[in-house]
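I'd like to ask you about the structure that follows.
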Amino acid sequence: MTRYVLRRLAYGGVVMALVTALVFVLVRLVPGDAVTMQLAESGASPEQVAALRAEFGLDAPVWTQLGNWLAGVARGDLGRSFYGGGAPVTGLFLERVPVTVSLGLLAMLFATVAGIGLGVLAAVTRGSALDAAVRSFAVAFLSVPNFVVALLALTACAVWLNWSPPLAYRPLTEDPVNWIQQMAIPVIALGTAGMAGTARMARSSLLESLGSDYVRTVRAKGARERTVVGKHAARNSTIAVLTLLGLELATVLGGTVILEQMFGIPGTGQLIYSAVLERDYPVVVACTIFYAGLFVVTIIVIDLLYALVDPRIRTGRALS
Amino acid sequence: GGGSDEPVGDPRPGGSLVWQLPAEVSTDLNPLESSDPSATGLISGSVYGKLLDWRTGPDVTEMELEGDLAESWEVSEDGLTYTFHLRRDVTWHDVEPVNGRPFVADDVVATITAMKERGLQAYMLEAVRTVQAPDEHTVVLTLDRPFAPLLEYVAYHTFLMVPREGIEGRYDLDTVAIGTGPFLLAEHTPDVEWVLRRNPDYHVPDRPYLDEVRRPVINDTAATTAALRSGRLDVGTTSDVTVADEFRDGDHTVTETPGAPVSFYLNPRVEPFDDVRVRRAVSLAIDWEGMGETVRGSFNLTSILRPDVSDAALSEDEVREIRPFDPEQARRLLAEAGLPDGFATTLLVQRVDDEDVREAQWMQADLAEVGIDVTIETVDPGTGIERRRTHEFAMTKALRTVHLPDQTWRDFMPGYIENYALVDDPELVEGYARTRTTTDDAERRELHRAMQRRMETEIVQGLFPIQKFDYTIFSSRTRDLFPVPIHQGRRLADVWLSDQPASP
Amino acid sequence: MNPVLDVRDLRVEFPTAAGALGVVDGVSFDVGPGETVALVGESGSGKSVSSLAVLGLLGRGRIAGGSVSFRGEEIAGAGPERLRRLRGAEIAMVFQNPMSALDPLFSVGDQVVEAIRVHRPVGRAQARERAVELLREVGLPDPERRMRSYPHELSGGQQQRVGVAMALACDPELLIADEPTTALDVTVEAQILALMRRLQREHGAALLLITHDMSVVARMADRVVVMYAGQVVERGTVAEVLSAPTHPYTRALIGSVPTVHTGRDELLTVIPGSVPNPADVPDGCRFHPRCPQAVERCRTEVPPVVRTGEGRISRCWLAEDAGRVPAPTGAPGTGAR
Amino acid sequence: MSAPATPARLRAVPGAVARFVRAQPLGGIALTVLTLFVLAGLLAPLVAPYDPLEQFRRDILDGPSARFLLGTDDLGRDVLSRSLHGARTSLLIGVVTTAVSLVLGTTIGVVSGYAGRGVDIVLQRVMDAVQAIPGIVLLLFIAVILGPSVRNTIIALTVVITPSFNRIARGETLRVREERYVEAARATGAGTGRILARHVLPNIVAPVFTLASLIFAGVVIAESALSFLGIGAPPPTPSWGLMLSEGVRYVERAPWLIVVPAVLLSLAVFSLNLLGDALRDHLDPRLQHATFAESRRWWRPRPPARLAPGLARAAEELDATDPTDRRPD
Amino acid sequence: MTGPALFEAHDLVKHFRSRRGVVQAVNGVSLSIPRGRTVGLVGESGSGKSTVARLALRLLEPTSGTLSFDGADLGAASGAALRRLRRRMQIVFQDPNGSLNPRMTVLQAVGEPLVVHRMARGAALADRVVELLERVGLGARDLNRYAHQFSGGQAQRIGIARALATDPDLIVCDEAVSALDVSVQAQVLNLLRGLQAERGLSYLFIAHDLNVVRYMSDEVCVMYLGEIVERGDGDAVLRDPQHPYTRMLVSAVPDLATAGPAQEVTAVGEVPSPIDPPAGCRFHTRCPQAEAGCREERPALRRVVADRDVACLLAGGRTSGAVRP
């Protein structure tokens, strides 16, 4: 197991390196740079433009820039933003990581809890109207983009309830009520698609394990239906659901980009979005690497969770 | 003015105004370096003071200069000496390291010198040779040559007075704002909110009324609308007329403010726009007024100059006369130019709001009528600016945030970065030079008008065909927040909140 | 002596798109206390379905007729709670494929403990003790350590021992073993069968053993019930059925396995064709299309169940007409040729 | 799939469709709906009442009426006509993106999974890297670099989606290559190419197709997110995504602007899901001809489409049977 | 044993690397299959039978050892030479449905070897497939059906037809009948024997059922943990097993003739792991007769009586008293 984790980590490192190179080059292929943006329509003279470009080191060839950047990384310095007076990227972005992580986690949690609940409901009432309702509901939510869900929820609350989320984000630690109000709609909007997917997956995998031989054995022991479904069938469906969650994470992370933007949540999603538009290269690179790292780590964590759930993986015997 | 039309009581002090900031300040706050509209929107006038300002108020219709930090000013006969008499009761904000010391002529000298040497304002001070302070409260600018637009520039919202300490780098101008304005910059959570707090030592007695101005960063229309509805927001802006219309009959007041002109450039290096007849045909083929009505709701039909800022702007009728919506004429011109069947081309659209794209579609449909087959290419501002600067476009449309006539004409002078349309017209250059040196208002106005006509008929490479309006939506408790064409934060000192409580 | 289990004229149906599908049709047999009855037949003949019907574990299927009485109590239509109380406690089951019959995610100990605690109001620790004891009883080496093992860490034989231990957890009166050794090696099979026999002796349970293997029957059972296509075709004591089968199907089944005695040049008895699809059973005798002795009557008329001796029946026209039945010839395995 | 498309095969298509519809009535309904959409897209110029770009400048944001059955939009264009033409753009983006990334991803996945070792490790790291960058960011990059156009939208989405197909195809290949019939084919002397084409590919298509139906839906949705960010198909090309993102702000004033594309999108996605399930069942000959004797366990709920690449990967990493044992001949 | 051997394997060794260590699946197995004869291989699960089968066909690369087929060096053949040899040796697997590609019709499946070896195409291919099908008791009407549409016995016959397609000299039957119902098993066994009589095929016949192996084979090899522990004429091995393991196997085979719970079984213990096999005689952990020497010395396969090789220190002459209790 340890060797396995080490190997995954090594692969993760390779992936991160590839991502870095890819993003570093990609971001420079985007037309315009921070200088264009900052001195846009300002009446600046060409000399002023050139001077700023030199200050940012943008006049050097890409490979030199990459080299310089890597040298910085080696010193634990992810560079400085081109904006806001050159704040160090590391700090800029560490402030925001918890926000996005909590948003993502909450959305995943919502997707999982609600999704599994609905899935189980549908599975145990298979064939009933409730089952059909859950399934159509799931498809409906799978086909509505998250920003539409968010906008509709926002508008509905404002028009009918005269309520809107607080304008200024305050961390959970500072103002929990404010935080919950602020996160509610984005979390729901981010989580609905995942919830729908999870419900479908939970339903089908639960039905599968309910039809399996070992569940029949448990029934033959005289166990109550509660034990059969809640203990054996549920645990056996976990793997499938876990896998789905892993896939959903990517979607949720992507979703944070739009939703943080909409709801003024100061997370990395908002940061990267504006950084791309403002050509703030150091921030773009750092954020992308963060996202990629999160992805890589999640994949590893999910693999470890599999092992936690499934002793066959834990003890190193493959599944058939 | 702002607020509702019912009779209101007397202004009362106190309260916290929540006013949307449509975009986070992305660059630094340094008044010498930053042209970021959100940064100036935040600090200009409210935190930093200027020597001169424009008058605001319920009855103001004309652009009229008044003193801010300068009590009065004089211009010598020959137009080569400008003398400003500073107020004596002004102190800097009580913030380290300036600590509320009095504002003096030396600060002005330091600021203007730095602006001329390294500020983005350098072009405004082209003609200024020396800046001197004969005494604590007098500043004298000596010019090489007469420079007519100088006073307007001095009142412009980027012409902010900075304490000498700041100029000399004794604190960080990028992040700390120490000014003379009615408010102090109190708090900032990046991408979330800026908070301005009442400056207790403000030189105007009993001002400002407000204890606090909160500027939450909200760039999404739906979020703004929802917040206005729920009362979390007192003031919000939108360029979307449908959104504004939804607030017209409720607890809110909507004011319409002339905003940035739509800019439209034709690249004479790209065929067939090398032919002025083709360019002219394009400008005549588009129903600009229809576009303004449909897409913007309220708008001004304009030529190059902004009617809200300059009396030299052509009137709507004049514009209609020289640039009628005349597809027939356009077709004729195309035929003359050897393109009776039209041609295909592209329109690069810089997208900030949906309106930008809707306008493009409108233009596309109109051009299609005369046989010009347009492909729209929408791009983000970064790409848009870069491609305009490098002249990689055939036609392009964006918004141009300039105000003053002098500033506007720079865009069409050879050698400037913003001369996207590659205008190179000796007569225009000549006219421009004359507008700067002539001190006679009437003569200058005529020059401007002639130049606009020339742009519309002879050159036709850059047009500012309409001026969009922005809509400001106020909650009913917001009082005396008067609309202004150019950003003037100082007016916040007069704003007050009625006791009608804001919703939670 | 009253039988522990008495199945009379059992019929089982499964719902399908094309309507109810009868897969077990009029099956009767009984199991006496301490007795071993074997249910044999080819794949798909309805052995498992018959036995699952006893426990009410048919899933979507249902008992469409007949009775199942356990110690005189009718349980064919019993409610879910009654059945649940019977399962494991009174009637326990060992399944064919031990790997898939054990939940892969729970340790062997947990699963045995569960079997105990479902019916016995004992504490966790006590249940564990009992579980270890059970595992020791079924001959699992090092039971304390094995409690913590997961199914995949055990060999097939060990897994099946766990299955047996779970089934014995509450000292059931009737043990149903559905092909408990088909997935196992001969040596392991022999061990498991010996184990079941010993435990049955010690616990005095009745055993209903399902198998497709006549030689397992020979080794284990007192009486045998031969099934074909959802029906019982022959029933009797092992000695009688194996040495003198009265139904051609039984005879063919016996003759088709090579034994120690089968000469290498002999050809095996072949039953041509395959078991019919339950949706499409032949008219008349269900075996007639494959029967070497089929006559015209077999094709059209359903044969009656004929008593051919004390506790013996056969479902064959030829058996009915006993006079004309050619006396079964030779030792088993010498087959038709 | 793998057989050459001879005319005879083409002629067999209607028959195959008929068989499919008979075997999978729900799939048939879904297929009908999708066919209607495709027809609507293809025949839009003929059936649409108006030119989708024509601006009825007096009838801006009009509600549904006899003249404009589904109302007009903010430039006075007929929503019905735009929806019909929008089907064309959306389906085009959906079909082409799905098809191209399916082919690319499956090829990479199959090659990677079958070849194993270095090839696998390298290819998978590259795929991981592409997947590790959040889709929306990658889309943002590509769209900003290439500029918005239908073609570039397709390119961007293809890059983002290819790893998903790779993943599932690889997982399936790892499973299939251990199947008995593959070994049997090797034993008869079949070469790698033949094994991949005749044995591996046909046996991984079902889950790949199921994924494709989900992806297709995802693509249509993603296109709307791109439009929302202003980097999707450029106006005025009507697409459902664009209509949705443009219509959102009129949700109170002109709800039809969002209802119409949303309903069409949901209908398409729903049908695609149904079609995917049905296709999976249908393409599996085991289920296709299921009868009692042939598939005795037909009543078992089928396992969900093998959406467990992570698991498959974990299992395979842990298993680590020595690939040198297998002779690639 | 007549004539030169068609297939010969000498001292085959196959070790698999796995996470938990090296699996010694096959450890020095030598085999020789004469033309037209059947060699049977029995042993418990995991004893290495299938691995031997795969090695024999070069579906796996042996860790060491040599292989020859009809005089050619099979072990060294590669590319076209290997393909030519493969044409003459085929395999039939245990799981009849699993070894047929579910997406292929019978025509495609049975025709595949012919296509691969370019032996027929088009109409000729169909004709040849029909001919093969008829030989195994199926017919032309089955050509366009899929594997799963057949019962286990029929599917296995399709597998055999495929194996026969290239007219091979050797067919390896790896548990070819183990998954089938007894009645069907008999059909297939008879078919295999008929084909052998007709075409002079050689079989390597693998099964775990001693009776079946004996019935089918001229010579029986008994495997235990990757090694052959006893070899000899089938009847003789079964009637008079020499190796204690064979004896255990024989005693475990139930006999129809002796009804009732009479037989006592001597089978004990579990098969040790091939990753960490016992030192000395691999069977000593389960052997009722094991002596101290068995724990250390690894017995080689040696002739103990006529036509009988046994790998047991105690077998035959040496301490014959102990061998037969």
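Letters A, B, C, D and E mark the chains as written, and numbering starts fresh at 1 in each.
Going forward, contacts are C-beta pairs under 8 Å (C-beta built on N, C-alpha and C of every residue); 3 or more make two chains touch, one makes a residue touch a chain.
Predicted model, so just to flag it, every value in this text is computed and none were measured.
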From subunit E, the most remote chain by mean C-alpha position: B
Between B-D and A-B, the pair with more C-beta contacts: A-B
Distance between the centres, which are taken as Cα means, of subunit E and subunit C, whole angstrom: 31
Whole-Å gap separating subunit B and subunit C, where each centre is the average of the chain's CA atoms: 91
Euclidean distance of C-alpha centroids - subunit D vs subunit E, Å: 46
Multi-chain contact sites of subunit B, meaning residues that touch two or more partners: 222, 379-380, 382-383
Overlap residues in subunit D, where contacts from two or more other chains coincide: 144, 248, 252, 293, 318-319
Of all residues in subunit E, the ones touching two or more other chains: 19, 151
For the subunit C and subunit A complex, residues of the former touching the latter: 55, 57, 59, 80, 84-89, 92-93, 95, 97, 100-107, 114-115, 118-119, 150, 152-153, 163, 166, 169
Touching residues (chain side subunit D, partner subunit A) in the complex: 121, 124-126, 128-137, 140-141, 144-145, 217, 221, 224-225, 228-229, 241, 244-245, 248, 251-252, 258, 262, 265-266, 268-270, 273, 300-304, 307-311, 313-319
Subunit B-touching residues of subunit A, taken from the complex the two chains share: 30-33, 36-46, 48-49, 83-86, 92, 95, 151, 154-155, 157-159, 162-169, 261-264, 266, 270-271, 274, 277-279
Complex interface listing, subunit E residues touching subunit C: 44-45, 151-154, 181-187, 189-190, 193, 208-212, 214-215, 234-235, 238-239, 248-249, 251-261, 263, 265, 267-268, 270-271
In the complex with subunit E, residue positions of subunit C that touch it: 42-43, 141, 155-158, 185-191, 193-194, 197, 212-216, 218-220, 238-239, 242-243, 252-262, 264, 267-272, 274-275, 331-333
